[in-house]
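My questions all concern the structure below.
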Amino acid sequence: MDNQFTNAERAEVLTAALPYIKKYNGKTVVIKYGGNAMINEQLKQQVMEDIVLLWLIGVKVVLVHGGGPEISETMKKLGKQAVFLDGLRVTDKETVDIVQMVLAGKINKTLVNLIQMKGGHAVGISGIDGGIIEAKMKNEALGYVGEITKVRTQPITDLLEKNYIPVVSTVASDRQGNTYNINGDTAAAFLAGALGAERLIMMTDIAGILMDKDDPSTLIGNITVSEARKLYENNVISGGMIPKVDCCIEALEHGVNNVVIMDGRIPHSILMELLTDEGAGTMVMKG
Amino acid sequence: MDNQFTNAERAEVLTAALPYIKKYNGKTVVIKYGGNAMINEQLKQQVMEDIVLLWLIGVKVVLVHGGGPEISETMKKLGKQAVFLDGLRVTDKETVDIVQMVLAGKINKTLVNLIQMKGGHAVGISGIDGGIIEAKMKNEALGYVGEITKVRTQPITDLLEKNYIPVVSTVASDRQGNTYNINGDTAAAFLAGALGAERLIMMTDIAGILMDKDDPSTLIGNITVSEARKLYENNVISGGMIPKVDCCIEALEHGVNNVVIMDGRIPHSILMELLTDEGAGTMVMKG
Amino acid sequence: MDNQFTNAERAEVLTAALPYIKKYNGKTVVIKYGGNAMINEQLKQQVMEDIVLLWLIGVKVVLVHGGGPEISETMKKLGKQAVFLDGLRVTDKETVDIVQMVLAGKINKTLVNLIQMKGGHAVGISGIDGGIIEAKMKNEALGYVGEITKVRTQPITDLLEKNYIPVVSTVASDRQGNTYNINGDTAAAFLAGALGAERLIMMTDIAGILMDKDDPSTLIGNITVSEARKLYENNVISGGMIPKVDCCIEALEHGVNNVVIMDGRIPHSILMELLTDEGAGTMVMKG
Amino acid sequence: MDNQFTNAERAEVLTAALPYIKKYNGKTVVIKYGGNAMINEQLKQQVMEDIVLLWLIGVKVVLVHGGGPEISETMKKLGKQAVFLDGLRVTDKETVDIVQMVLAGKINKTLVNLIQMKGGHAVGISGIDGGIIEAKMKNEALGYVGEITKVRTQPITDLLEKNYIPVVSTVASDRQGNTYNINGDTAAAFLAGALGAERLIMMTDIAGILMDKDDPSTLIGNITVSEARKLYENNVISGGMIPKVDCCIEALEHGVNNVVIMDGRIPHSILMELLTDEGAGTMVMKG
Amino acid sequence: MDNQFTNAERAEVLTAALPYIKKYNGKTVVIKYGGNAMINEQLKQQVMEDIVLLWLIGVKVVLVHGGGPEISETMKKLGKQAVFLDGLRVTDKETVDIVQMVLAGKINKTLVNLIQMKGGHAVGISGIDGGIIEAKMKNEALGYVGEITKVRTQPITDLLEKNYIPVVSTVASDRQGNTYNINGDTAAAFLAGALGAERLIMMTDIAGILMDKDDPSTLIGNITVSEARKLYENNVISGGMIPKVDCCIEALEHGVNNVVIMDGRIPHSILMELLTDEGAGTMVMKG
Amino acid sequence: MDNQFTNAERAEVLTAALPYIKKYNGKTVVIKYGGNAMINEQLKQQVMEDIVLLWLIGVKVVLVHGGGPEISETMKKLGKQAVFLDGLRVTDKETVDIVQMVLAGKINKTLVNLIQMKGGHAVGISGIDGGIIEAKMKNEALGYVGEITKVRTQPITDLLEKNYIPVVSTVASDRQGNTYNINGDTAAAFLAGALGAERLIMMTDIAGILMDKDDPSTLIGNITVSEARKLYENNVISGGMIPKVDCCIEALEHGVNNVVIMDGRIPHSILMELLTDEGAGTMVMKG
């Protein structure tokens, strides 16, 4: 399919990307990677290509990943029964061990491996390494679900300085050494804030914020925090969208310049967002 | 028990360690950690304390760990049948995935967490991160059991330079992105060699090389490579000891100054080896 | 015309450039800029865009420029009669002053200005600055036409290290302070060699080396030095092409990895050459 | 003439310079070079010697030069008619191109060449390079006569850090890429201020500020800004002296420690000013 | 005596020191060395061992020494009569020369030599070197007894940065080049304050501050500045203890974190203070 | 006397020094300071001025000093009887202590103080500090007269890097901690050689090498090592001159570029030698 472009057309497209490359050169961009873009093998390959491209043109990319359905799958294989409390999964010691194993052992290293294959240099770490994320128990009944109490970005900036792409699993520990499962979106928002990132990109399985959630043509391109808050009130932002938008607002308050909720199902959506004039999904801005 | 010493006695012991501290200050020491020292919780705590102490007094410690019985245990839980070929475990794709998960996800992060709790700064990585270990298939019938083809120490020295203790899981990948299980002793020997380490410490469940394997009083304190080779011939070194001594010789040939096979079952054996005048286990030297 | 591409197409093109970006990242590329690409205003804008793009994606670009017809034009305006000897222009003191003024004052600063406008950081220098090029008189009858005797790349690498694009006018001086006009192709070849450049790009007004100089379809894509030498013998390479190919060979002998004779009349030919799989013009390689 | 001194006398003179060398060691001194010191060949040689000496003893010298009569001369040769409006030269596009050519091409490189011949390391740049000076049109009727809107000293400090003497031509550009002729004294004052220079030296063809402009014995050695302002009122400072003193005041207000208006017609006046106890010309100080 | 400990005991003691090593790693500790610890040869050896140990485990040690009885002894040998005024020694020019000679020549180099023998890297300097301490005459009748007017820590931090143990003699000079004898405790307090030291240790010949100066069992372990001031009033702190405690308070006011008055007669008291949980002597703290 | 020169003359002299300043800029020059230049107060002031001047113009000066008559004087005052063996002074433990005290305590700090007063930055050290000079006993009967066995220049280059003038006393120690008196000329030669100095200057109380030692007009300006060796044979070089010339040859063999035996009795002889075209004394060169 690539052959449909002439060299002249290619050169033209590259040149058109010039102002965007200039804009992000040397800046930190945190990408929260999850959902379908993580399950579909072809999309996964493309996301990794996009990340290596950004890295090569001088963007400091930090990849924060969740676990997707692999955690549930492994739990099932291990005969571990899922228990829910008010709709939330109860995470006992055994469960958090499985989460750690799948996130930091399986998914993390698979992503690092893919980035290396595409020519990037990646080092996979977790919130435990170098004490990046400190957490505490949120709710005793839910067990080892962590609430972030402190973020130390030094190990991440050390890796960026040595020109690696840090790939971060969202498990953390408390001062006693207990480990916790941390919500990926929240972790990405905290890290982006603490890093003073230029942009946080949240990859999801939806097009962005829709005025009518059943009509993709009602996509909101840009929205300020105060506008978003109004949409909470009249239920335009509802259900699973609420914690996602909450994270966006939190990241903005912690110092990120802007946040984008992006449809990870579209091929190369990261590049489209960062290096073209149209962008993708909904951008949430201060104000 | 600590209270049995007076302050004066403590000061005396610390002072006696002076020449050893001087000797290892700024030097790289690779520790292959495995066996009982990894299973017994108290021993594990002590090993981590020793490592943090070495790190604080200026030794560049690299911790390479194996998987011990946790891999087998997790495989069993996952209902994965172990298949053997000529006594060697057949490692299919599913098995290597479990190995990766247990090593890089469970054990690696648990060790990192312990070091952080003891006050050290650790970052856990694997042979996949930053392309540290490249491997290829050893034997098609055995599956994803890797033979090391290339070692890139840059990511490890980058972490040492930033004053972290690198904790390394011995999984690797080939140029096509396939992942392999790597023998821990071999990986430690290769890394120590490539790093030009001052010393490689192999923690085992035996006292060292014994002239009579049933009599601990026949422990050989020092041995040269050529002497060791003679002990192969007259079967003093035999069975599981052979690959271990092979690794020692390999490390020496790759540039490590000396290698110690050490009894990990003795509390604080690392400190005893490095910071006292008696040492522990058998030291294998060039010559 | 840019709007003819969808965002998805753009992303696809950018991704296709990934391996080329990887290849030139951190490498030095010397571009000899001259001919029509320097006269046609639109082409000039595009060349500068290409250079800024390369600079942003981490290529260390050194731009060496000639004077084109502006020298003759200014001489004519100044009422300076051109004198020729065996077809070569006699360069008296007054003429070399005009050359210096036009090259280092007019063209150099115009190029620097354009690069700055496109968002790059450029510093314009000449062979005189920091003693970059030392020369001597080639032939007394021809006057101040210089033959290069020494190249000092330090000022160029100092500027590259500070992340500027050095734009170099090809005037030089001898140890007595006399200034000389230096052939642009030769200067570019010497500088590329001394810098150990990954690639030297010679922009010309021809398609490259043609087997039949009247038939563009006979373009030779790749050629080794020894093959080129054969083409001298049977007059395929002849006339004005001879000194150009001589320069290519000289650059290769001085350590440049490969040299491309490229058609500067094609828009964005530099990007096409460096960032797509087809390339442009004729590549001359060692061997 | 040099032989008139004994070695003992030489040593004595060198020692007497000690406190002055100490004072300027590591400090930035901006020299505005123009007038007769630029036309007389012997004076020019001496100024360059002085600059190289200062550079060798650790002064960070920045040389800002004007164009002197060479611009007019070249314009005349090019048959370009000078047009005046209220006594000021109208600078059309063609004129500013000639200015750029003469300043950045002829004079700049000639000075760089001389410094190199004397053993210094110089790099010649202009206000266009690296965007050092941004300007806008002052008065539409006068054409491309620039008013400084922004100064970026980074390229100058980058060159100083790499131990070069920056030689600066006072042409500049606006954001649209138009180029402007900038008054040399004003440019020197702005650059000295932005660099936080220890001293700005303005070389002129007069002895300094005279109480009676026809009597050199009435030279004012030191004057504060407020005293100078009084001399404006009673016409002691008048005519061409006004813009010069204005520049001095502006430089002081921008952070320069002190400014000297110096007679460039006296051999080695720079050394006399900086390295002896008498000084030369009139020093304008804050207050 | 060393052989009384088993290796296991040694390892245990080393491990117990872990939290203290962690605490002082990278911190600056100023040790004022004097009294019996300086006269008794065995104690001297032990103090130097302690210092080298601290240096090896990453403490930035600055050793400030007084002259003890060696000054008086040398004066006596030189037939120099001691003259006293209100109980204070009159220091004429000849006397201050002897002080300088003994402190900076004899004692300083002897200490440096001992540290080098123990494996440390030391450079011995005085308050004169690099202008570290500027002083003035305190009281004309007393002669060259100096009062500190300025402290320049740059030479000390330069040596620390190059990983040397600076050993400092407390002689100083004024701007006219006169030299002065400086009280060692005062100099140590000033230097510790200017260096922002983590701790100042004052080695003395007493156990610390005693509630009853004749009963060692009444040793005060910790005391705040305000508590100390009360003890002045009711004469618990009296006699020679007053200037010592004054120095402690001065150091705390200049930014030192805490100060310890320590019994230098106890072997390895420095290690006991810094690396065990009991400490030694009296710690004076802010508040 | 200084006022006899006009400013113009001063400037002329400074300019004439230009090529010499250029030559020594950034180079290491070791000056062995002793003899009359050390006793006469005015000469001493001038030598220090010269050294500060050299330091300011970028020469890396290392000052090595002997003890002159102050050692004998102090010994006499201390009632210490000088004992000679075959004309050489017997140096017992007490004597070497006095030597150390006078050299490292008295003379060293006095010189450092003078340099600081003249505006230089100096740090005074000895061969003991940082283990710069290791020595052994030369001859048991002579006692603590040291023969150099090892030179470690690191502490000196560390001080030069931090821009201090190292002032070095020639006492040293062996591995057992015994201290030795080292011949100043020999120490200077060893240090200059190990530092790869551009020049070693030996200040003496003679004019240089004379063909007829009673006729100053027979001064040899330049001499090669082989020529010097011939002068040994025919007794032109004899007596106290022999060890001095031996040192020169030794320094040349250790890598110093050239060595000058210079008359320290002439004011500012160092400046005359380094910064004028005549030089002073006899230069010994390789060959």
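Order of writing sets the labels: A, B, C, D, E and F. Residues in every chain begin at 1.
Note that a residue touches a chain if its C-beta (ideal position, glycine included) is under 8 Å from a C-beta of that chain, and two chains touch if they have at least 3 such contacts.
The model shown is predicted, which means the values in this text are computed figures rather than measured ones.
Would you pick out the chains that touch subunit A and also touch subunit C?
Touching subunit A and subunit C alike: no chains returned.
Can you give the shortest number of steps from subunit C to subunit F, where adjacent chains in the path must touch?
So the least number of steps between the two chains is 2.
Please identify which chain has its centre, taken as the mean of its CA atoms, farthest from the centre of subunit B.
In terms of C-alpha centroids, the chain at the greatest distance from subunit B is D.
Note whether the interface between subunit C and subunit D is symmetric in residue numbering, meaning over half of all numbers used appear on both sides, and answer same or different.
Same, since over half the interface numbering is common to both chains.
Using CA atom averages as chain centres, what separation in Å is found between subunit E and subunit F?
35
Using Cα averages as centroids, what's the distance between subunit B and subunit E in whole Å?
Taking the average C-alpha coordinate of subunit B and of subunit E, the gap between them is 44 Å.
Roughly how far is subunit A from subunit F, going centre to centre by Cα mean, in whole Å?
Averaging C-alpha atoms per chain gives centres 68 Å apart.
Where in subunit D do residues touch two or more of the other chains?
none
For this assembly, give the contact graph shape among line, ring, star, complete and other.
Drawn as a graph, the chains make one closed cycle, so a ring.
Take subunit E as the starting point, go toward subunit F, and spell out the full loop of chains.
E, F, D, C, A, B
Spell out the residues on subunit F that touch subunit D in their complex, using ranges where they run on.
Listed in rising order, the residues of subunit F that touch subunit D are 1-2, 5, 7-19, 21-22, 25, 46, 49-50, 52-53, 56-58, 118-119, 266-269, 271-272, 275-276, 278, 280.
Using the touch definition from the top, list the residues of subunit E that touch subunit F in their complex.
My answer: residues 74, 77-79, 97, 100-106, 108-109, 112-114, 116-117, 121-126, 128-131, 155, 158, 162, 164, 171, 173, 175-177, 179.
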